[in-house]
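Shared chain: subunit A. Partners: subunit B in the first complex, subunit C in the second.
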Partner chain A sequence: MTLMLDKPARSADRAAERAPYWTTRRRDELAGWLFVAPQLAGIIAFVIVPLGLVVWYSLHEWNVLAGTFDFVGLGNFDQLTSDPKLGPALRATAVFSAGLVALNLTLALFLAVLLNQKLRGTVVFRTLFFSPVVVTLVAWTIVWGFLLQDNGGINGFLDSIGVDGPNWLRGNTTAMISVIVVQLFKGVGLNMVLFLAALQGVPADLYEAAKIDGASAWARFRRVTVPLISPTILLTSILTVVGSLQVFAQIAVLTQGGPGTSTTVLVYYLYQQAFQFHHFGYGATISLLLFVIVLALTILQWRMRRRWVFHED
Partner chain B sequence: MSRRLKVGVYAVLLVCCVPFVFPTWWMATASLKPVNEIFAFPPSLLPRSVTLDAYRKVFELQPFGQQYLNSFYIAVLVTLGTLVISSLAGYGFARIKFRGSGVVFMIVLTGLLVPNEVTIIPLYRMFDGLGLVNTHWPLILIPVLGAPSVLATFIMRQFFITLPRELEEAGRMDGLGRFGLFWQVSLPLAKPAVGAVSIFTFLHSWNLYLEPIVFLSSKDKFTIPQALTQYVDAYGGAMWNVQLAAATLSALPVLIVFVLAQRHFVEGLAQTGLKG
Partner chain C sequence: MKLRTLTAAGMAAALLALAGCGGGSDDASSGPVDLRMTIWSANAKHTALFDQIAAAYKKDHPDVGKITFESIPFDSYTTALTTQIGGGNVPDLAWILESTAPDFVSSGALAPIDKDPDLLPSTTATWEQGGQLYAYPFSTSPLGVFVNTDLVAAAGRKTPAQEIASGNWTWDEAVATGAAVQARTGKGGIVVGDFDYKGWDALNSIWSAWGARPWSEDGKTCGFDQPAMVDAMTYIHKMVFTDKAMPGPGVTKDFFAGDSSMVITQISRAALLDKAKFKWDLVPLPKGPAGPYAVVGQAGIGVLKRGKHVDAAKAFLAYFTNQENSAKLAQFFPPARKSQLNTATLAKANPLLKPAQLQSVVIDGVERGDIKTSHTGYAELQQTVRAALDPLWKPDADVKAVLSGVCSKINPLLSK
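Up next is the complex of A and B:
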């Protein structure tokens, strides 16, 4: 109402002739833009422009300490392809993501199916499985760091059952396993809750019908449950994959990328190059690579939805 | 379900619980133990003798109270800011038909495809240029205006889409403008979405690690996650009892809220558009 700019009409028939400029439609046009303007401005300033700058920086050799900013064309990309540390970083990233996503989705679905049974006390268990989600990430990591030490609780436990545990955080393979496991138990509760919500939406009569047809529990799970919750599986897998590519705090706190470069994932390598060695240009090139990977994986998963996401309608 | 199967399911659930629950329990109890007892095996589930020594050191060695306050007020501001931006934009995309909304939505969605880590270098340079490095501005502005708020906008939009048209038509009859419809009709109905967005925005800000260590350099500006890793002795070895005490303090408020409101907490997250 405040937007009414027309002067009051002098006579009734003149008002009828002249349509008001601020029609509902025009007002909605303006209102729509105003509602989304802050977000749009933010995305342009804090995502689109920086993304453009990353491309610009990647064409330069930029050492902040030396105060140099020289155009080198595709020089950084040449350096990237011949960087002996890039292969291991990509491998560590792939191993971490694949391991985490596979374990996370399997465990989350397993727990959700268990908690979806008609049993007393499932709310208590749901709360317990979810609780690590609300523990500060670095705090969670510190505790596991203590438990995984050579003389920590995990090895104490293994000792008591007669197994000689490795020095988890100092072994090439075990360090990666440790980081995956720590992150697994931290985040699995969230996916479990999303799966539970989806499972509760599966109509019970479908299970009854399958049972009458003589389908085993496993067959019912494969043929009824999985197809019906496939949209949730897609969503959680996208969120988990993208999240796993961003892992940083756990690496920085637990292993600092080591031993050697066995847990130096791409984001950690990017951090080292840019903020420890002050190679901002080269860091920007790694950022671009990370962006391309995230983009490709997201598009791939989205494309695959037609093949394996089942919609009831 | 047969009795034997039930017992079996409970047994599996109990075993599965251990790696989820034990670390948190042990963190809280070990922080009350004298140093030598922390390393004892088998670990005592309750401290044999209680000491608050580690908690005293938490505050002696660093301005932990200040750091706590930093984390808290940053998380609150980020949550409020994100709610404002994302509920407005979510409503705009869901309920208002305006030219260009499709294109704008696609532009905004790029925020979901660009992790913060990708743009951290230019963002650092931008804030450095503005003289805002080693202030809390980047930790507030980037999540509220940048990529992290896009998921919130998406969830709000998914929620507003499901509201029946008739509600707003009734509001229009009563003479409400667009903002009135948003503020008085739709937003009050969006409580579950608002709840979910608040929870995960607060947690996200509370957990943030890369941004603080990139942007902040003085101890009184630090946030909690960053502060936790600073309790080391002169040789760089971790002071475990102090780290565990500080870690417990960092987790306590969120854990308490979670236990008290776990139903709303978990269901809020499960109910929103995240169902997919």
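Up next is the complex of A and C:
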């Protein structure tokens, strides 16, 4: 009886010993893991671990100078719900994002349509509009800071045509408009190029067919162009929304959150709390709030794509 | 077996990490120690002098390896320094601004250092706690008024030196001169250095003339709504928007490029006038309703308690600021030493300035001046006041209401 049971077990062991470990399936699996390993390591080191640390820090009060790191549980989250400065910061962020996204996408699409024509000089204009994208952000903002001064270049130009320009960076409304415009011209070139690429992928025969059917230029744009480039519109809108929520350098250089707190957007407020006021735990909590907002808006846009993006069901 | 090995390795790593984090002691067996000091100056002449002092120190101290001076831009200096500390990259020594001194001293971030009896007591007060000194006040720099005498003459006004001679150097005269220069030459009047309608604390060079303070001596009570501050700020508001003696918000006038008649700043800026194409003078701050006064900016050098080589850093600091080196540093940073606060020492270090200027601005200023404003949690206070003061910088502002608003915003911070 014992022998009967032992025989198949032994032969199975021998078979396992004989079978090569590195089967094609295992090799493919290993190759796959090796291909994704660098990316995976990067994501773990620069996304997952920092995110975990931020959550950990948000549960603590960290006094950098004293070197203390005390667990406060949900204390920082309680503070978040009763912080009187958070509301204005969220409002400023919403105004900035809404203004920038609307202006950026409209202008980028307008420029792309304009520069998609087969006319002389379009290459020069494409380069001109794209060039701010490759300029260093801080240098770009400093130059704009000089232009926007009360006695700066923009008011000098307005003065030359008989218009008395406002003190751009000193008025609550004009300061916000200024930072939006500075960011708009910095980033519009990138979206313009993406739209241009999408426009060049629209089949010309569709336009011809629409023309033969008597569609006006506006109707061709609305019924042919927009649906066919809608995947690019989705991509640019997600990128621009996320980018607009993360604006920092322009605020730090141009307005430092002022006048008053009119341009204190969420990232700048986070920077103030964590790095200027040394409330690192609370700063981490604000950054989690920002993460949730970005995530929610991205998911919302992604879910809404089915309603308006062509090729999506 | 595997588990035991892992546990042992983990323990060893934890102990090593703890030993590394502990700081505060020198490991003599590990060879020469490297020292690092954070500074906010990127001036090549400053760093050349520091390197020269460090090289001389290393000659007699083989236990010290490299001594590096790491320059961090002034605007983000304290933020960068505290971030370094938070990240465990703690420098051995650091320059510290007077406004943030209470944060560094009261938090216990600095190691106590020996107090040299030659230091003027008024210059060490900011850096002391419980009878211990926590930073060496290496630069005690009174604010003075640099004057473009060519522009003043072009505006048909007496120079401040002439006003001083006739005992008439007052804020009213200074404003009248600034306004005249602006009106007749189109150049700027009086510029307050580092103000730019954001760094409001730079205005203490003016409001001190009214005896005003942003908060009480103990830091608990707001001073913005007090009569002296209301009078001073009303005067400043009028100076900007009615007299037009000071460039308005959003207008930049660089004195050192010859664009304004006067600038209130520290004497170390005299180096920028080395190749000036206009005649200039340096005079003390004008008299105000509260009489003559002086305001002093100060920087200290502290040894970070969590640095890796505290004892070596203390020893280097003592050498860096001793009699001999303090005299060398005096060309850029006015010393806090009684024995060196004389025209002979200062004139040797500051060839651009006349002995009379050094006496009236530097020596008299250090001896009778108030150190600039400071408070624990200064950065938050600074930003809160900046935001609450912004409505003041409009022609039709209600000064008293704005200042009351400032107090309502900062009272919760002062009472912490």
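The criterion applied here is as follows: the second predicted complex is superposed on the first by the 289 of 313 C-alpha atoms of A that agree within 3 Å, B and C clash if a C-alpha of one lies under 4 Å from a C-alpha of the other, contacts with A are read in each partner's own complex, and residues count from 1 in each chain.
As a convention for this text, a contact is a pair of C-beta atoms (placed from the backbone, for glycine too) under 8 Å apart; a residue touches a chain by one contact, two chains touch by 3 or more.
Note that the structure is predicted; figures quoted are calculated from it, not measured.
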Item to complete: Considering only the touch criterion stated at the top, classify A:Ala66 as touching first (subunit B), second (subunit C), both, or neither.
Response: second
Practice prompt. With the two complexes superposed on chain A, say which partner A:Asn151 touches: subunit B (first), subunit C (second), both, or neither.
Written response: both
Worksheet item: Now for A:Gln272: first (subunit B), second (subunit C), both, or neither, which partner does it touch?
Response: second
Worksheet item: Which partner does A:Asn167 reach: the first (subunit B), the second (subunit C), both, or neither?
Response: second
Worksheet item: Regarding the shared-chain residue A:Phe280, is it in contact with subunit B (first), subunit C (second), both, or neither?
Response: both
Discussion item. If you tally the residues of subunit A touched by each partner, is the higher count for subunit B or for subunit C?
Written reply: B
Practice prompt. Based on the superposed arrangement, let me know which partner A:Ala41 touches: subunit B (first), subunit C (second), both, or neither?
Written response: first
Practice prompt. Would you sort A:Leu300 into first (subunit B), second (subunit C), both or neither based on which partner it touches?
Written response: neither
Discussion item. Quick check on the superposed pair: does A:Pro259 touch subunit B, subunit C, both, or neither? Answer first, second, both or neither.
Written reply: second
Response to the item:
Where subunit B and subunit C land on the same part of subunit A: residues 151, 275, 280
Worksheet, complete the sentence: The answer for subunit C against subunit A in the complex is residues 79, 82-83, 85-86, 103-104, 107-109, 197-198, 248-252, 306, 377, 379-380, 383, 386-388, 390-391, 393-394
Response to the item:
Within the complex, subunit A is touched by subunit B residues 1, 6, 9-10, 12-13, 16-17, 19-21, 23-24, 26-27, 38-39, 41-43, 84-86, 88-89, 91-93, 96-101, 104, 107-108, 110-111, 113-126, 141-142, 144-147, 149-150, 153, 175, 177-179, 182, 203, 206-207, 209-210, 213-214, 224-226, 228-229, 238, 240, 243-244, 246-248, 250-251, 254-255, 257-259, 262-263, 265-266, 269-271, 274-276
Worksheet entry | Residue ranges of subunit A in contact with subunit B within the complex | 1-3, 27-29, 31-36, 38-51, 53-54, 57, 111, 114-115, 117-119, 121, 123, 125-140, 142-147, 151, 153, 156-157, 159-160, 181, 185, 188-190, 193-194, 196-198, 201, 231-232, 234-236, 242, 245-246, 248-249, 252-253, 267, 270-271, 274-275, 280, 283-284, 287-288, 290-291, 294-295, 298
Discussion item. Give the list of subunit A residues in touch with subunit C in this complex.
Written reply: 62-67, 149-152, 167-170, 256-261, 264, 272, 275-278, 280
